[in-house]
Every structure is written in structure tokens, then in C-alpha cells.
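Shared chain: chain A. Partners: chain B in the first complex, chain C in the second.
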Partner chain A sequence: MGFDFNFIMEQIPYLMLGARNTLIISVIVLLLAVIVGIVGALAKTSGGRFLRLITGMYVEIARNTPELVQIYFVFFVFPSLGLKFNSFVSGVIAMTFFGGGYLVEVFRAGIEAVPKTQVEAAKSLALKNRQIIVNIVFPQALKICLPSLIGYLIFILKMSSLLATIGIVELTFVANDVIANNFHAFEMFSAVALLYLIMVWTISWLLGIVEKRFKYEL
Partner chain B sequence: MARMKSWVLLVLVSILITGLFVGCGKKEAADQTTASALEAIKAKGKLVIGVKGDFPPYGFVDEKGNNVGFEIDMARRLAEDLFGDPEKIELVVVTGTNRIPNLQSGKIDVILATLGITEERATQVDYSKPYFKSGVQLLVPKDSTIDSLEDLKGQQVITITGTTGDAGLQKLVPEAKLLKLATTSEALQALRDNRGVAFAQDNTLIYVLAKQYPEFKVVGEPFAESEWALAARKGETDVVDWINKNLDTWLQEDYYYQLYEKWIAKDTPDNFDPSVWIKRP
Partner chain C sequence: MPWDIVVKNWSFLAAGLWATIEIFVVSMIAGTVLGVLMGVLRTSRVFLIQITTRAFIEVFRGLPTLITMFFVYFAVPMLFQIEIPSFLAAVIGLTLWELSEIAEIMRGAIQSIPKGQVEAGRAMALNKAQVLIYILMPQAVRRMLPPLIGVYTRLVKGTALASLVGVNDLVMAGKIVVERTLEPLEVYVFIMAVFFIINYPLSVLSRKLERKLI
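Coming up: the complex of A and B.
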């Protein structure tokens, strides 16, 4: 079983297409999931009873059903309900759904870890509720939850490999597609694993810089 | 100490050389038997044949644990021709990956296991005449206007990764966008949801699906065709000649059609013409 390096060189354009699509879909999903996570966390911590119940149910479903089942659900079940999206949009919806679910809990934990005295001090200064959340609680919460947030963002990026099952031409799909025709599993999966590593390292490095800045600013 | 080491080395080298000679000797012996490979099978008293065990209706295992199917019947007729008894046969279940190694290592005499003729394989084995022909066709919804490969240009088409349908379509209609999925059930669901205008797959499967799910129909001429043949070890021409003689007889008798009626007809749509797959006199 030799390692055919030339074979990988031939496949580089296709691998790059896969890597590009993995990045595009991951970035879109990460942004959407962060929005869902923040909104959900606020609803869960300071929303009314009904809002808390709804968000709680969403988080339970999103985190406690397999990611692959959610992807299949959007792709194969939604059309019977009259909601047909192409592979790409289906993938973004499903990943935002479970990614958002995880991030709601991440942000909630951060918000709840901000000392009560901070809120009380803000109230005594006659700040409005909105001001308290945006200017006092949220920045501190973000600082607290940043390390686990980075972990979950990387988790979401890696989960994009599941989208190969609904025919999105991302990195894992490229590997499977080439292997199915040329049987170079060793080469392809090595190349793909390396590319994922590079992407994950880049993202953690960038977020690491953000994390350091936060430490100084607050 | 140094002298001891060179002594060990000497022994090792001599063992290697002896091994080399013994190996060559065996190879020569094998070459001699190929001159009358058919006689060797006769002397053994049974035909050892590699068949599929998981590919209904061609070669599979029934509920009683017996090997049965289209190709198994062919195998038994070969034994009958050679020994006058269809039971003088040993069926060895092989897979797509191990069938040629099994033949080359002498575990089986002949492959009769949905083996398609390819140039690459022809360097490894000697093929008989083909007995079956499969190709890729399109499964489309009943009301579809898709009629040929031409109609697929610019359209989304469903395939299964790594199949002949997938590779063939990429080559013949590069303008088509492929939605590549992993399983037949996923592909059918996607076709139902109109995620693609057609599902391209081997017609041995497509016609069965069309029979099973009347909302679909099969269209288009078969492409990326593959002919199935028996295979014997490279150089065993007397075995291949003997198989070909039998295949000729079967063709004249319309035996392939009898096998089709027995094994496949119940799974194909009404008015299906089996000449897509088999030759008739």
C-alpha cells in the first residue's frame, strides 16, 4: 500500500473546490448560529415564561437528536411539508438549527455567570433594561463564554462533513467521490484530514487573538 | 562477534535463494498443468466455481441456505456438461473484490459472478463470450418529458457516488449537474421530491425499481454498457473454449430466455423486452 503523492497533486483543484465550499457554508452557519445563540440565550434568561418554554424546547430538540437525522429531516422530510430547499440551503438550515441550539446554552451559561451585583449596580445607576443587557451584562458574558464558544464553533465546522450525505460538494464529499472512482482512500482521507486541520487551526488562531484582546479590554 | 554475524547472514541468504528456486519450480509446475486445465478439473471430479451470494436474482442464497439464481443455474449446467451430473459442483461465494484473486490463487476454477468485461481485468484473466449485458438507463417520473441523454443538459440528475451511472454521465453529459447521494432509497426520495429530473443507474436495478414503484418509468438508450462473462485463469484456453462451446449451445436453445423467465421476469415491468440484457437466437 504505497502513498501516491502525485495522485493528490492531480486532485488539488477538486480538493480546493471542496475546501472552499466547506469554508463558505461554515462561515454562513457560524454567523447564523451565533445570532440564534445570542437571541435564544437572551430569551431564555430574560424572556417571559412562554418564550423561555419555547427556547427550552428548541434547545432540547436541537441538542438531543443526532445531527445527521436533522440534516436528513430538512432534506427529505421538509419537501413533503411543502418546503423544498436545495442541498445547500437545506444544509445551512439544519446546521444552523443544531449549531444554534448548542450556542444558546453557551451564551446562557455566560450570561448567568455575570455576578448579580453588576446588574444591581447598573439598576442603581438608573440604566434602562436594554442598556443593562447590551452594555453591562453581555460584554462580560461574552468574555466568560469565549473559550467554550471557540470549541463549539470548531465543532460546527467539523460537522459540515455530514453534508456530504445530501450531495453538497464539500471536502468530505470530494474525498468520497474520488475514492469511489479511483480507490485512493489513503491519499484522499489524509489530504482531507490535513485540510480540515488547517481550517480549524486558522479559525482557532483568529479567535485566539480575539480572546487575548478581550482579556486586556475588560 | 563479527564472524558470527556474517555466518547468520550467510544462512539467511541461502534460505532466501532456496526459497526463490522452490518458488520458480512451483511456477513451472503450474504452467505445465495449464496445458490441460480442463483435464485437471475432470480429474478432480468436480467443478469449483466462484459465484455471487448477495446479488439476487443472479447469484444469491435462498431462505434454506442454498445458492440459487440465474448464474447458479448456468454453473450447474456447466457441471452437467462436464460430468453428466449438475451436482458435481462446488460453489464458492466470492465478492467483487476477491473474485479475481480467488481465481488466480487456484481456489476456484472459473468465475461466474456478474463479472463485467474491462480492459484492465482482461490482463488478469481470460474471458469467455459474454452471456449478459447491462447498461445505465434513466428512471424518471411517469409524466416526465425526459427522453434521452440530450434532455439532461443543464438539468440536475441524481446518481449514486461511484456507480457506472455516476461515472458514465459525467463523461457523456458533462453539462448535467449531478446530485450524488449514497443509497438507492435516498436517490428515490430525491427523485420523488423532484430534486433531479432523472436518476441514472444500472438498468438491472432501474427496471426492478420501475416495476416496484409504478410512479416511475425507464427511458433512454443504455449507455456505459458492460458485458458480463465467465473468466478462467490466464492461458487456460481449453477451459475458455469449453465454456464458449456451452454458451453457443445455450444461445441456440434460447436457454438465456428460459433463465430470464425463471429468475428475472417477475421483477420487470410488463411489456419489457429482455433483449436489453440477453441474446436470443
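Coming up: the complex of A and C.
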């Protein structure tokens, strides 16, 4: 059986739609997960005992259970609890849940990597706690975290393939959808694999550049 | 919450859990052996070996494991006119991803050991294999351990994908029970708890070793 190029050419618009949606979802999830990560990291580093405990539990659950099961949980269990979302929102919620779990640890490490003397210096200048966090610790922590964040964009992008299972039209869904009707599994999965690799490799190339630049600045 | 759903369907869920464990153990062993091998080859000085192993690793680390698994399950049989059973497809898909991760860890561990040690070993008339086995490996293994366990925790989570190529694993069993009983909450809490109980000790161990070895 030969490789049917014409078939793939016909599918290019649909493939591009899938790739575009994969990218859009990944970026949305990353941004939301960054927010969760920052809030969680602040709770873990400067919250009270109870807040730290809750955040710790969240992080452990998010990181130690399968991403697929978390997606199913939001998609199948939430409606039975009276929380009805469409598949897109369900997918984004689930992915933000586990993505955020990883980013809490990333930001916590970033915050802790900011030298203590910086905080002491800020205190001696009579800055308020909020000012210290927002103006002193945070900008430096973000810089330290940036390479990891790009790394987690790759993780999120790869995990977004799971969203096909709940019917979100992204790249993996496109592949399944097409081969369900046309049986060109080899051509389709080759094309989809190539598109994933192009996206992942581009991001990791970007990561390399960012890492090299920041190595000298830090 | 009517927890008896889990109890009533226990034998069914347990059969699923058993399949999940089988997939995990088989891919863990296969991935570790092949990954260590690939990692050693990756540090080879022969350009052709270097470039092929690197390409292999970059491809299977870059692809979503689900796509690799689908490729093995749907595309490969069409290409070669053979049939690949679900279980095998799941194991191959997970192993390809895992061995690439482990190869990368292995390469990092070997290259982090000072060159002087290899030179010293060679100066003591050890051959290349002896240097690898007696000098590099014992140190590399110590450094590899925390990230290796990290890969295993991700592998445990990855086994859930087997349900998507039709393996009757824990996730699939849970899905079937939910379809029968229409009580998703108990079943999914149970599945998450099972995975958590397997994974949490592993991730604690990984963190502990990391602190100890650095």
C-alpha cells in the first residue's frame, strides 16, 4: 500500500484547523494554569497552615492521577453534580487543573530562588508586604520560571491530544474523524504526527534560545 | 454516596486494575532496558549511531504518547497488513515514549560524570566496556534514580491511555461500570484514588532521593 499524498493534500484545511485549535487550547490552558500556579505558589509560600495544606493536597492530586481520568472526571462527573459545561470548557477546566498543579511547584521554586536579601532590603526600605511580592519578588521569580513555563507549554500541547476523547475538534480528533470515514490511517497519523512534531520542536527551539539568553542575565 | 457500586462491581474493576498493572510492569521493564541501551548508544562517538538515536529520541519524546499509540494500533496494521492486539499496541506506544525519556536521562547522567574518570579508567588498562560497567554505570544509576522514578510515575498515569485503544484496563472498566450504573462520581473517585495510591509513594520517593543525592 503506497502513501496517498493526494489524500493528505485534500485534508490539509481540516488538519490546519485541528492544529490551530490545538495551539489555541494549549495557550489558553497555559495562561489559566499560570494564574492557578501563581495563586497556588503564593498560598504555599506565604499562606497560613490551612491554605498550605489545601494547596499541597491539590498539587499532589493533580500530579499523581492520570490526566485522562481528570478530563473524564470533569466531563462525566461534574454534570451529575449539577455543573454542566460544554466539552470545550470541560477540557480547559481539566487541563488547567493538572497544568496548574505542576506550575504551583514551578512558581514556588521560582519564588524561593529569589535571594532572601532582596526581601530584607525591601523591608528595610519600608515597602509593604504586597509591594514586596508584586514589585520585588514577582518580576524576578517570573524570569527564573520562564524557561520552565515554555517547557510546560510543550507538556500541555502534548496532553491536549487527550481532548479528542471528549469530542473537542483538535488535531488528534481530526485524525480519528477522517480515518473513521476513509481508512487512510497511515497517511493521516503520519501527517498529524508531523504537525505535532513541528509544533513541539518549534517551541523547544524557542526554549533553547530563551534558556541561553537568561543564563547570562541571571 | 452509595459506595456499594464499587463493591458490587469489584471483580470487574479488579480485572481492569490487573490489566493496568500488567501494562505498567511490561512497559516499565521493556522501556527501562531499551532506554538504558539507547542512552548508551546516544553517547556513542560514531556519528551515524549518534544521529539515528537522537532522531529516534526526539521523535518519540516530541509526539503525544496517544498519537504514538494510535499510530501503532491503527496505522501500522494498515501498512503491513497485520493485526496488532490492543494490549500490545498500548505497551509498544508507552514503551517507545518511555525508552526515549529514559535514554535522555541516561545520556545526561553519563555525560555529567567527569571525563577524567573515563581517562583514568582507560589509563588503568580497562577496556571501553569495563569503563562503562565499572566506572560510569554505578555513578550514572545513582544520578538517574530520581528522574527515573519520575518517568515511572508518568508511565503509571500513561497506562490510562490503553483504554483508548480498546484495552480493558481500570479506566475502561470504570467507564463501563458508569455506563451501566449511571453513577460516575463514586467510580471516578475510586479510579483516581487507586492511581493516587500507586503514584503518591513513588513521587515522594523520587523527591526524597533527589534531596539525598544532590
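The criterion applied here is as follows: the second predicted complex is superposed on the first by the 199 of 218 C-alpha atoms of A that agree within 3 Å, B and C clash if a C-alpha of one lies under 4 Å from a C-alpha of the other, contacts with A are read in each partner's own complex, and residues count from 1 in each chain.
In this section, contacts are C-beta pairs under 8 Å (C-beta built on N, C-alpha and C of every residue); 3 or more make two chains touch, one makes a residue touch a chain.
Bear in mind that the values here come from a model prediction, so they are computed numbers and not experimental data.
Trainee: Putting chain B and chain C on the same copy of chain A, do they fit or clash?
Mentor: With chain A aligned, chain B clears chain C, so fit.
Trainee: Quick one: is A:159 in contact with chain B, with chain C, with both, or with neither? Answer first, second, both or neither.
Mentor: second
Trainee: Applying the touch criterion given at the start, work out whether A:17 contacts chain B, chain C, both or neither, answering first, second, both or neither.
Mentor: Neither: A:17 stays clear of chain B and chain C.
Trainee: Determine, under the contact definition given at the top, whether A:167 touches first (chain B), second (chain C), both, or neither.
Mentor: After superposition on chain A, A:167 lies in contact with chain B alone.
Trainee: According to the stated criteria, A:177 is in contact with first (chain B), second (chain C), both, or neither; which is it?
Mentor: Only chain B is touched by A:177; chain C is not.
Trainee: Quick one: classify A:84 as touching chain B (first), chain C (second), both or neither.
Mentor: first
Trainee: Any idea whether chain B or chain C touches more of chain A?
Mentor: Partner touching more chain A residues in the overlay: C.
Trainee: Check whether A:54 is in contact with chain B, with chain C, with both or with neither, and answer first, second, both or neither.
Mentor: Neither chain B nor chain C is touched by A:54.
Trainee: May I ask for the angle at the C-alpha centre of chain A between those of chain B and chain C, rounded to a multiple of 10 degrees?
Mentor: 60
Trainee: Go through the superposed model and pick first if A:109 touches only chain B, second if only chain C, both, or neither.
Mentor: Touch status of A:109: no partner.
Trainee: A:190 contacts which: chain B (first), chain C (second), both, neither?
Mentor: second
Trainee: In the overlaid three-chain picture, which partner chain does A:63 touch, first (chain B) or second (chain C), both, or neither?
Mentor: Only chain C is touched by A:63; chain B is not.
Trainee: Least CA distance chain B-chain C after superposition, rounded to whole Å?
Mentor: 5
Trainee: Need the overlap of the two footprints on chain A, from chain B and from chain C, as residue ranges.
Mentor: 76, 80, 165, 176, 179.
Trainee: Spell out the part of chain B that touches chain A in their complex, as residue ranges.
Mentor: Against chain A, the touching part of chain B is residues 161-162, 166-167, 179-182, 186, 189-190, 193-195.
Trainee: What residues on chain A touch chain C, complex-wise?
Mentor: 1, 60-61, 63-70, 72-73, 76-77, 80-81, 158-162, 164-165, 172, 175-176, 179, 183, 185-186, 188-190, 192-193, 196-197, 200-201, 204
Trainee: Flag every residue of chain A that touches chain B in the complex, lowest number first.
Mentor: Interface residues on chain A, with respect to chain B: 76, 79-80, 84, 86-87, 165-167, 173, 176-177, 179-181.
Trainee: Going by the contact rule set out above, which residues of chain C touch chain A in the complex?
Mentor: Per the stated touch rule, the residues are 58-59, 62-68, 70-71, 74-76, 78-79, 81, 153, 156-161, 163-164, 171, 175, 178, 183-185, 188, 191-192, 195-196, 199-200, 203.
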